[in-house]
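For clarity, chains are labelled A, B and C in written order, and residue numbers in each chain start from 1.
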Amino acid sequence: MWVQRAIQFEPRPRGFHLVTKEVLEALPELGEVSVGILHLLIQHTSASLALNENASPDVRRDFATWFDHAVPEDFAWTHTLEGPDDMPAHVKASLLGPALSLPVSCGRLALGTWQGVYLCEHRDHGGPRSLLATLMGE
Amino acid sequence: MWVQRAIQFEPRPRGFHLVTKEVLEALPELGEVSVGILHLLIQHTSASLALNENASPDVRRDFATWFDHAVPEDFAWTHTLEGPDDMPAHVKASLLGPALSLPVSCGRLALGTWQGVYLCEHRDHGGPRSLLATLMGE
Amino acid sequence: MWVQRAIQFEPRPRGFHLVTKEVLEALPELGEVSVGILHLLIQHTSASLALNENASPDVRRDFATWFDHAVPEDFAWTHTLEGPDDMPAHVKASLLGPALSLPVSCGRLALGTWQGVYLCEHRDHGGPRSLLATLMGE
């Protein structure tokens, strides 16, 4: 069984956002998969996906603080045409990665208790973001 | 062909640990797959998986040194309730990622000569860790 | 449908290189896949794959500058037998990751407009690099 679906995310502020529920609501077929994989690709180069703590908003804020510190806007960037937040966004996006492959088991995402899907918006005004979801399994 | 199996890892000290052999021993069905993918997810937010040098323990120690330096405990964290090693562990876990997809070829993991699977334990006392392995192929 | 193929890349200088076209040329079967996933693994521990901006060479140069700064050769490394560029290469390789899973849709890679596959060469003289491509789908 293969299902592929585009999911559109509304613009979000720069930061780390929990989107597990939104992803699942777009994929009702997941409930019919006994064993499988859900693959998610964010089709952008300045936003990314991650899988981390789904409870405390502190964790998501601390993610933003650390990434802003480690990949600062004030650096020896040469690609600056699109603004000071652009090149750091590209690097952050590749550190976290554009895709997630998540196991599906008995009609549910088989994540750990504390794991949730993050949409990581690295631009100040990133606009809407497109995700392509590919579900495979039996 | 789809096989899914939970693998439990005993508690390990903070650091980078080679677990290729343990993963393979838990999946005898891999020997019957001519072409496929083995997907591994660590179901935690403060430990991760990586694929790197399988020979020298120096490499794994240097990984730990660099990650402790780049994501220090002494930082502007706000999520500190679970101890000083907790928030750095979340960030390290997402830098390395919670999952690996590895090709299977002729009944074997088709890795490079020097590649091995690392369990990256980022907590001081992380306890046992759960992995969910999903094997697909023909 | 499963296809698996080894792709050999000629030696490239240290840095970030766009290889989308080369990967696609090696996989003519991709044109027959209506929904699927292309999995790519670089079978080395000091080179990696990434998915980022496919237009400006500035972006790829800035990637190299940031990674050289964040994972410097002058650090408390103990694994130095293979030269000062070796241990940083291992860490960079794991930060970016050895594999990519990319969705296939209607016979094409379903990437965003600006996304391209990078071969990230972290060694000064990395030599030829082997990629194993696994294509699955229907």
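The working rule: a residue touches a chain if its C-beta (ideal position, glycine included) is under 8 Å from a C-beta of that chain, and two chains touch if they have at least 3 such contacts.
It should be emphasised that the depicted structure is a prediction, and the values quoted were computed from it without experimental measurement.
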Same residues or different residues where subunit A meets subunit C? The copies count as same if more than half of the interface numbers are shared. different
Through what angle, between 0 and 180°, must subunit B be rotated so its C-alpha atoms fit those of subunit C, rounded to a multiple of 5? 120
Cα centroid separation, subunit A vs subunit C, in Å, comes to 20
So subunit A residues touching two or more other chains come to 70, 95, 97, 101, 136
Once bound in the complex, which stretches of subunit B touch subunit A? 2-4, 39, 41-45, 70-71, 75-79, 87, 90-91, 93-95, 97-99, 101, 130, 132, 134, 136
Contact footprint of subunit C on subunit B as seen in their complex: 35-37, 50-53, 56, 58-59, 61-63, 65-66, 69-70, 95-97, 100-103, 105, 110-115, 136-138
